[in-house]
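The following blocks contain the structures, represented as structure tokens.
One chain, chain A, appears in both complexes that follow, with chain B as partner in the first and chain C in the second.
Right, the complex of A and B next:
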């Protein structure tokens, strides 16, 4: 091919071609990230995300942020450091939540008839926005990992509180006291969830009473910092553009 | 004047850079097909999919499985064989405009790949979780698995490998060797299918649908990470397309 030849006939066509590629790239990136992130999240934190009676003050608060900061860190490593787009975490969470909401409506409710107020997904959006804003303002991976990672863990419970609070109201049922969420779990029988599994709040941490959620959130934030660092470098690796020469294989 | 007229005629007859009809048709093909599949699940999951020893299970689910497996083998062999057989043996001598046109066709494949990954890894995989929480499985080939593992996963594998083969056989960009991240983004999600073997092997020993996060499922997680390698493919494509357009966009 000749270097002097042009691929387009005018500047206007070049602009149109560029925009068309933008949309195709965005769609592919969005759906591929959605698929990878969703399968990762549902199989590492899914049970806490599926059911309201699993959304407790200790393990849900601890597990969900730790396993969900992974893809946002990796995608930020691409969109910010290569293209200066401060939307990596938000795009990931938008994708994940879209996939989850479609599923909870069409399948959890539409196929197997669990009510949506029993199987709604966790809200991860406040942490994602903060993560992106910190990266945009600081332009520092270390700052984003330490401040953003901690914020990711700390914001999770407050970000979900308006949704989960009505279901954490105590009720008395057959002489036992538990939450409305627990009551939902008793009424909507899940064949794969025996009773011993549903007792999610276990251990001595419960003796801390009202302090359980903040303690769990701090621990979650601390681990999220470490996971952010790790996944930032995973993201860098996945950004590589190198080729393996045919004769090396 | 005559030359100009000839040029305009040639332009009018030329294939468009982006064949929008193919793009929309491909998108709709998966969309309409999967809506039909979801309808089938809704009707025959409950009426014929609860007891694998029942005759209606054989009729509505095992026959579905046999048909889809045969079709997948035939379609993948035909499609991959056709892409390879019709490869461009002089790929380095195409014009920049033809290269741009092929990048668009390549991106049509990639859009289809992303779309297929969504249905497989997101829609039908999480759907499997709620099915297991509702019925007690008595077979590896429970209705949700016949759709998830043996239909939606093979479809994204066929699409991903097709995209890879198209790039390798028709685009100068990929003539340098084997693009590492492209291979990861295709082979990683492909490995989820062999990992079904581990999953089913484990579930024949332990009933643990109560925990979708059970360590037995971590193989799916590990290979799901490979979807991130699409970032490496995007980076390479952006560089290639920028090279083709830079002069005109400056």
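Right, the complex of A and C next:
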């Protein structure tokens, strides 16, 4: 067979090869995103995602969506403008959560014995699905950034509330009040993480009394819109073949 | 020749792989906490831990033990370390092998960061509940914001039993009895599994049809509008609406199930009450201090004035958790860690009691391998070559006085 001949000899063979490519590309994309996104999220979201006693109604709600909309925006740009596939955000979150659960279960629990109910990851799936659907329906980066980015921020806290609410039940312990999450942080010793490192409930957002989570979520959504634009362009920028040398040129 | 080269290359590669694989299986337990690596001046001139007591050397899972004692916040705190205005009484253990059941400074529970005052002495206690079997080095530890961890002495404690039997029962303010070790686990697994399944369903909906090659061809041949059908949009709307409905309903039902929740508790605790230490009647002036590198010994010339009404003798010099004792005056009966105890490490040029009203200048030598083992000799490489420590004087009745010393140190290399 010469180089100019096709590698396949029938339509059935072509379909089979195409499907094989599908799974290979999807697997490669999934694992590459798992690695890259996981490292990115650990470095930027870090402790807010690691520990239940960092999952507060102000900073966790603000930081986690902002730093996590990055890869979904970039991968959406690639999969949508090249293939019209509205699965970029969902693929990212599936990959991230798989990596996170492997890490939390094998490392945090299996290796260092922190209980899983103390070091479970945040749930980012509701925002991812909505982001993908908005892109599919609108076929517009601007619409997805504005509506989807805002939804990404707004859905984060309520999407996680069923998971963290039980840990915000108060308890009296040695004459002081804690939430159960606070007590987890106190009981399960993190030698290298002193309490003052914990960035929770800081800030001057006091005008809204106890209802600061929605305000934080809105702010997070606004910033997520900007971050979405930025990373969407990163996705488009890297999603080129300019770097492949053309033999004929 | 090429054949031999190829074989050597192949075998080398195999050997490399075998070595790397073997390295994975060599995972010895990390026993120490880097206490010897911490700069000597940090250990000498920040927090002095003394009168320490580890209540047990061996505990079974679910049993408790405590570390208690005093900590002196050194008045000559180094400039290069932030003041202990935000500090946290920690415990130096390899992860949650114990749970910290309680920690107190004075009588105040200190689950959060505290402000400590320079020159003051505080009592402290850390209550630990055994969780994971093994032999663990248990250190006292104070974290200081801007200064890092300041680790105190460590002692080996053995935990026996099975971690599977560990329980951490609590009664919440809503009256529910829970085991914090496993509380809410099934709820966490359920919600994550549900959302993961929904995400997978969305992915599979698109994966069941040809994806990359045909779609790319369609995109480049002007058929992009054919790639998303009306059916696809309907399914997408179903997923989005379903997602928002699940979020809303689950949030509502969670609020019904947990009507009382509170925000995470945080904030600095001030007003730690120091222990009233008796005003020392002994005044010590450091005339000079040298560290003899070859002899692993520090020699001080001290002028000591006894303003009290009973004769006193110098019994102990303590610095960086290493205790140098004069065996004629003091014998340790607290079970202090052997490696930090120089039972005969303190010698004085004139060991006779210093009478009331007397002023005496004498040579005091603190020598022990601990200078080297605990890398205190590295003090000579610190940016501010000073030493500091606590001197303990005893009268005939065994009453103790604590005097702090802080002075420049000159190294001697011959």
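By our rule, the second predicted complex is superposed on the first by the 230 of 249 C-alpha atoms of A that agree within 3 Å, B and C clash if a C-alpha of one lies under 4 Å from a C-alpha of the other, contacts with A are read in each partner's own complex, and residues count from 1 in each chain.
Basically, a residue touches a chain if its C-beta (ideal position, glycine included) is under 8 Å from a C-beta of that chain, and two chains touch if they have at least 3 such contacts.
Note that the structure is a prediction, hence the values are computed from the model and not measured.
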Checklist entry - Should A:239 be classified as contacting the first partner (chain B), the second (chain C), both, or neither? => result first
Next on the checklist: A:159 in the overlay: touching chain B, chain C, both, or neither? Say first, second, both or neither.
Outcome noted: second
Next on the checklist: According to the stated criteria, A:138 is in contact with first (chain B), second (chain C), both, or neither; which is it?
Outcome noted: neither
Checklist entry - When the two structures are overlaid on chain A, which partner does A:114 contact: first (chain B), second (chain C), both, or neither? => result both
Next on the checklist: Looking at A:39 after the superposition, I want to know if it touches chain B, chain C, both of them or none. Which is it: first, second, both, neither?
Outcome noted: first
Item to check | Which of chain B and chain C A:177 touches, first, second, both or neither | outcome: second
Next on the checklist: Under the stated touch criterion, which partner chain does A:86 make contact with: chain B (first), chain C (second), both, or neither?
Outcome noted: second
Checklist entry - Which partner does A:168 reach: the first (chain B), the second (chain C), both, or neither? => result second
Next on the checklist: A:123 in the overlay: touching chain B, chain C, both, or neither? Say first, second, both or neither.
Outcome noted: second
Item to check | Residues of chain A contacting chain B in one complex and chain C in the other | outcome: 15, 18, 21, 25, 82, 112, 114, 190-192, 194
Checklist entry - How about chain B: which of its residues touch chain A in the complex? => result 11, 17-18, 38, 41-42, 45, 92-97, 99-100, 103-104, 107-108, 110-111, 113-115, 117-118, 120-123, 125-127, 129-136, 172, 176-181, 183-185, 189, 192, 207-213, 217-218, 220-221, 224-232, 234-239, 241, 244-245, 247-249
Checklist outcome for this item: The answer for chain A against chain B in the complex is residues 1-2, 5-11, 13-15, 17-18, 20-21, 24-25, 27-40, 42-47, 50, 71, 74-75, 78, 82, 99-100, 102-103, 106-108, 110-112, 114, 119, 190-194, 197, 234-235, 238-246, 248-249
Checklist entry - Where on chain C does chain A make contact in their complex? => result 33, 86-88, 90-102, 109, 111-113, 131-132, 141, 143, 145, 149, 163, 168, 170-174, 176, 178, 180-185, 187-188, 191-192, 195-196, 198-200, 202-203, 206-207, 210-216, 218-219, 224, 227-228, 232-233, 236-237, 239-240, 243-244, 246-248, 250-251, 253-255, 257-258, 260-268
Checklist entry - In the complex of these two chains, what residues of chain A are touching chain C? => result 15, 18-19, 21-22, 25-26, 53, 55-57, 81-87, 90-91, 93-94, 97, 101, 112-117, 120-121, 123, 125-126, 128-130, 132-134, 136-137, 139, 155, 158-159, 161-163, 165-184, 186-192, 194-196, 198, 200-202, 210
